[in-house]
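Both of the next two complexes hold chain A, though its partner changes from chain B to chain C.
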Partner chain A sequence: MKYTKELVSTLIIILITFLLAAVLIIVAKYDPGMALQSFFYGIFGSLHGFAEIMVRATPLILAGLGVSVAFSTGFFNIGAEGQLYMGAIAITFVGVFLPPMPPMLHIAVAILAGFLLGGIWAVIPGFLKAKYGVSEIITTIMFNYIAINIVGILVRTVLKNTESALPYSPVMPKSLSFPLLLYPTRLHGGLILALACAVLIYIIMKKTTIGYELRVVGFNKRAGTCSGISVYKNIVLASLISGGLAGLAGVSEIAGVHHRLLEGISPGYGYIAIIVALMGRNHPMGVIISAIGLSALQVGANSMQRQAGIPTSITSVLMGVIVLLALGKNIMFSGILKKMRIK
Partner chain B sequence: MAEAGTVLYYIVTLFAASIRMAVPLTLAGLGESFSERSGVLNIGLEGIMLSGAFFSFMAAYITQSIIVGVIFGCFGGLLISMIHAYMSFKCYVDQVIVGIALNFFSLGLTSFLFMAYFGRTTTVPQCPVVKPIRIPLLSDIPIVGDVLFNQDIFVYFMIFACFVSYIILYKTVWGTNIDAIGEHPKAADTVGLNVKKTRYITAIINGCLGGLGGAYLTLALLGFFMENITSGKGFIALVVVILGRRHPFGVLFAALLVGAAEALQYRLQTLGSGLPSQVFIMLPYVVTVIVLLFSIGKSNDPAALGISYKRSSR
Partner chain C sequence: MPNLQLKDIFKEFPGVIANDNVSLTVEKGEIHALLGENGAGKTTLMNILYGIYTKDVGTIIWKDEEVSFKSPRDAIESGIGMVHQHFMLVPTLSVAQNITLGIKDKGYPFNNRKKVVKDITELSKKYGLQVDPTQLISKLSVGARQRVEILKSLYRNAELLILDEPTAVLTPQETDNFFEILKKLKKEGHSVIIITHRIPEVIKITDKVTILKDGKNVATVKTSETNENELSNYMIGRSLKTFSSREEVIESEDNGLVLEHVGLNKKLKTLTDISFQVKKGEIFGIAGVDGNGQKELAEVIAGIRKPDSGTILIAGKNMNRASFKTRKKAGLAYITDDRHHEGLVLDMNVTENMILKDYDQEPFSKKSIINYNVVREKTEQRIKDYDIKTPGVKTPIRLLSGGNQQKVIIARELAVGPSVVLACQPTRGLDIGATEFVRQILINKRNEGLSILLISADLEEIVSICDRIAVIFEGRIVGIVKNGADLDLNKIGLMMAGHIGETVNS
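Up next, the complex of A and B:
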């Protein structure tokens, strides 16, 4: 019976979300029929749509995994956006300043550098939280703004393409590009990296002592301390893994999509990754599913913007509402469920 | 002599601007202080301010009246704050997560409605802006007069609100009750204090003041609205609360510190140093982090901060 309840709750959430979207679209005097049609056409209408969903899901899976590791350890990492940009900076430095290398080695160095720089950007707040109890929510958010401005500074100074007046870096060498998986779409090898990371995180978190200790600290710090598990060590470790994965999302965006560093490479992937982790209940499989789902929502919304002129910010409204409904469903819907005689 | 005059003028305008920059942070910080003292951590403060900024702008734009704008600013903040209260008091959802979700909700809603109403325009829609009020006599005092007594109504309200908050929190029984509920809701409940009601009231205060803080951005500092206009001010206000240790004057002082960094940032940008403007734009955020480091080890968080109170639980 538990599953029936889950299923009905989920259906109610979907229904409310659609109704809210319809209300917003009608109130704003857009054409709801056109909106619905373009939404589904954008998602299911073409191979391009499918590829686009996967392209957008790639950074969401990586950063979402990162956030989920942090959340499982009780470290509220809101800074995936900044860590993503740090990863992007790292791969660009590798491409611009390191000597040419064989392709496999080159990309491996870039991935490592991205993981490390993203990790460092999260370890600082992690250390401050673990050692001094400084609120990580605040520091990680401030670090987002700082990272974004650092990108702005770098693409105008050290990393600037001298042959252009515009603020972006030179194009990365071929050896720093992910292969395309489904020509002529933009689907690239970053997806494989993301899925591999999901498997790895699943093994680490669920099958090893390291993951067990991380989860204990997240579940009950006191119990952890009493059984000899260091809260300090685990929070720092969680922040490193978390930031590193978000850094990989940045590496993947440069190596797979943009091929050069410029401002605004992330349309808020780092923030959406928080929703991805929450909806995925911090489980790697859940993260993959919710990343693809939220990515589809965005691709559909982009299509609505192109064809019906509806602003894409509608997705933020819906994502916020979905999270609230999903978390509060047991109490919010208890009345409805009782009426429907579902226990 | 002339040069000394310009330097003096420069300093006076810098101080005056610092105070103005501190207004949104102080107002939102005061509201959050009430909320946090009663044990409710509202990370959705950014969303509250953004909603306040949006609704105040729309109301002022449509009616051309600042008073209507102010009222709707409060209403906008209240909207977000009440959802937060409902979700965390009624549904017992983690307060931090509700706050994060509400920030998304508010960012999306304000951008969507703004775009839907104005479409893709090239001209920026403007709303009326409050004018400075010169207080007779006091404003004639050299330097201090220009810095303190030639400001807009919000600045005077900010100082007034600090005093009132101080009296409520430290000199009334209700203020002590708020602290008791934030420290130990179970004990407070046992002696007959109404935990839920008190927390709802502090949430209302938080929503109104946060909304006003947002309204100040549009109705005084800028005169227009754009997507994500608060750009992290709500989070900076949270830092101001931590650094000010939830004391009204502590909050005011911390807000002035960050406000000064912001005022300085704008001036440095226009100075033409040849550095990319991002160097200066990130200054307030860097200052905020540094300021946060100074609060290390002085934590006086209410014991029940961020924990939803369930009467039936043990």
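Up next, the complex of A and C:
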């Protein structure tokens, strides 16, 4: 019952999104048939399309998981973007400044560093909220700007590749690259890291006392306090895990895609991750599905732009609409659902 | 000619039939009680009338016209007002602002504030509803807030008032005042429906009673032609239970819980110099009008607040600096007065709520991994032991009735073998069946030799089950008396009003 309801409302959302896309395309005087064809060709037409979806989904899954853990604990982390960049900075420092190491150890150190630096970037707002009640929505957003500009400074100073005039870091050593999974596509080992994290987060949130405490604090802080569960500790912990996972998304982007630090490595993954968590209902499986769905939307839109000349900005419009529909679906569709059940 | 007629109302929620062909007729100028235990379908029926729920089948006739309100707004426009059990007021706005909230009068949005205040003052004088229209809601007592809610409906020209459990949160004095208001409303030709499970009030104030049980009509009787026992039989299928025949106390000199000169917040004098001992095998009652420091006292004992001075001993151990968890390990069980916000996590299910206090203890979890098989088994066992009515162990606790939610809390708190039970308003908002159940459990636990501290604003409850009674007034214990046949209720009443009484410590 519950699942059919979810399924039907998801289908309604997809339907509305497609209708709206068609309207926008017609209004902008493009050919909707051609658009549709190129959209689906981009997604299902080749192995490359599939791999590209997964490459984009990888940071979305990681950052989306992070956001979902924070949301479950009542910590509205809007700062995954900044935390992602801190993770990217961490792996670059490991690559540039630490001595050479065996590949497995090297990547493990980088992952740990990325998790920690991303985590610290979220723990500061977490601490401010838990201790002084400062709104994390403001602080985490502000921390995004700080992180992005720190990257700008670093790639021009400490981490700059001295052999080039451009603001890049040197290329990372081979031992700091994720293996390619599906040569010649870009699909890399970051996906496995992301899926493993999803399983781990599922176990932590649903099966352990740690996750139990986090969820109690998320649902009802007062009941937590009255049961001897520290709200302070759990908000700080949630922000650490949340920022850490977003940091891993940054590590994965460097180790799997860019192989060096530069500005603008994330096309807003940290923000889309918020949509991913909302649509995925803070459930790891939901996060994976919505991350793949949203990246498919983007890959399809890119193909639409290449083949039919339709601007990709249309996806931004659609994503906004999807968020509204996903958040309001219980109210908006209850009438439709009721009718369907009676008939 | 009846003013309001509900005919054969049928309403089904997934898995539950809340109203099974229920009918109700209310005349003009009549005070009508809708009597029944929690979960009998009273509130559902009124929510259907008020437009919050839609009925599946049935007719509603209001002033000779068939109506079907789509929202409370429709109901209000037709002259029906409802005061919910949990008040719907904005604490940061003034009384007048709350009363006019949502009304677009002439001149909106630049209302004539002075005229509004004048109108409200006149209205409040007419019905004896004393409030200051310029006062902030957050500064008002519960009784005054209720008066604001009633004024809110009257200001919108309500001819029929629905009051959901109106006396549940009132002190005895406020209740008397409330009854006076009802009489005035009746005199002015308003009809009133009171949703309640308190039989004495029904007898005292109403003209007619309709009794619901399990979503069905049981009977409709004139109040003048019935009595408490008959109503109780209709409502719960048996007569009321009395606890007067308690077994004699097993005298013990050991103290389970000791407070010595406990003080909290010296400036505001929230608690001042509180000292008492609760012996093993004793129910020690704290009586007093709500808001005299009871809640703070409970939280100081539970370790949620830290006292500024004094000593708290649980089972002989000093607990001054101890956390809630340490106190729990020392044998303390805490039944809070605020189920929804403090005792339960409403968004979690029965199983998850059952382990809220000992999720980190064996056998529920080992090395941080929760063993949900064990948790489910234990939950099923406790559901059986405490006769908790729930569709399943995975049902969201939100969907359970108040009585069953309280049973979950009590099962959870008492199952782990505590030695001291701290019960703060444990029967507040519960129906008679559940109230009796809770009191009986406290008595059973006393007979097993536990120390029980019962904090309650319900004097009747204190007198019926406590061995010794302390009265709290403005954060001080003004007297401790032994309960018995020679108990002078008058004296306790005086102490509740702040007169210093005697202290018996034996």
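Note that in this section the second predicted complex is superposed on the first by the 325 of 343 C-alpha atoms of A that agree within 3 Å, B and C clash if a C-alpha of one lies under 4 Å from a C-alpha of the other, contacts with A are read in each partner's own complex, and residues count from 1 in each chain.
Methods note: a contact is a pair of C-beta atoms (placed from the backbone, for glycine too) under 8 Å apart; a residue touches a chain by one contact, two chains touch by 3 or more.
If you're wondering where the values come from, they're calculated on a predicted model, not measured in any experiment.
Colleague: With the two structures overlaid on chain A, would chain B and chain C clash, or do they fit side by side?
Modeller: In the arrangement built by aligning on chain A, the partners chain C and chain B clash.
Colleague: With the two complexes superposed on chain A, say which partner A:134 touches: chain B (first), chain C (second), both, or neither.
Modeller: First partner only, chain B.
Colleague: Thinking of the overlay built on chain A, is A:104 touched by chain B (first), by chain C (second), by both, or by neither?
Modeller: In the superposition, A:104 contacts neither chain B nor chain C.
Colleague: Taking the superposition as given, does A:165 touch the first partner, chain B, the second, chain C, both, or neither?
Modeller: Neither: A:165 stays clear of chain B and chain C.
Colleague: Report for A:225: first if it touches chain B alone, second if chain C alone, otherwise both or neither.
Modeller: second
Colleague: Could you say whether A:24 touches chain B, chain C, both of them, or neither, answering first, second, both or neither?
Modeller: first
Colleague: For A:209, decide between first (touching chain B), second (touching chain C), both and neither.
Modeller: second
Colleague: Once the two complexes are aligned on chain A, which partner has more residues of chain A within touching range, chain B or chain C?
Modeller: Partner with more touched residues of chain A: B.
Colleague: Clash-wise, after the superposition, say which stretch of chain B runs into chain C: 189-197, 225-233 or 243-251.
Modeller: With chain A aligned, chain B clashes with chain C through residues 189-197.
Colleague: Across the two complexes, what residues of chain A are contacted by chain B and by chain C?
Modeller: On chain A, the chain B and chain C contacts do not overlap at all.
Colleague: Spell out the residues on chain B that touch chain A in their complex, using ranges where they run on.
Modeller: Per the touch definition, chain B meets chain A at residues 43, 83, 87, 90-94, 96-98, 100-109, 111-113, 115-117, 227, 231-232, 235, 238-239, 242, 276, 278-279, 281-282, 285-286, 288-289, 292-293, 295-297, 299.
Colleague: Applying the document's contact rule, which stretches of chain A touch chain C when the two form their complex?
Modeller: The touching residues are 1, 207-210, 212-213, 215-216, 219-220, 222-223, 225-228.
Colleague: Over in the complex, which chain A residues touch chain B? Could you list them?
Modeller: Chain A residues touching chain B: 24, 27-30, 76, 78, 128, 132-135, 137-139, 141-143, 145-146, 149-150, 152-153, 156-157, 271, 274-275, 278, 311, 313-321, 323-324, 327-328, 330-332.
Colleague: Quick check on the complex: what are the chain C residues that touch chain A?
Modeller: 14, 302-304, 323-325, 328, 334, 336, 341-348, 352, 355-357, 359-360, 365, 368-370, 372
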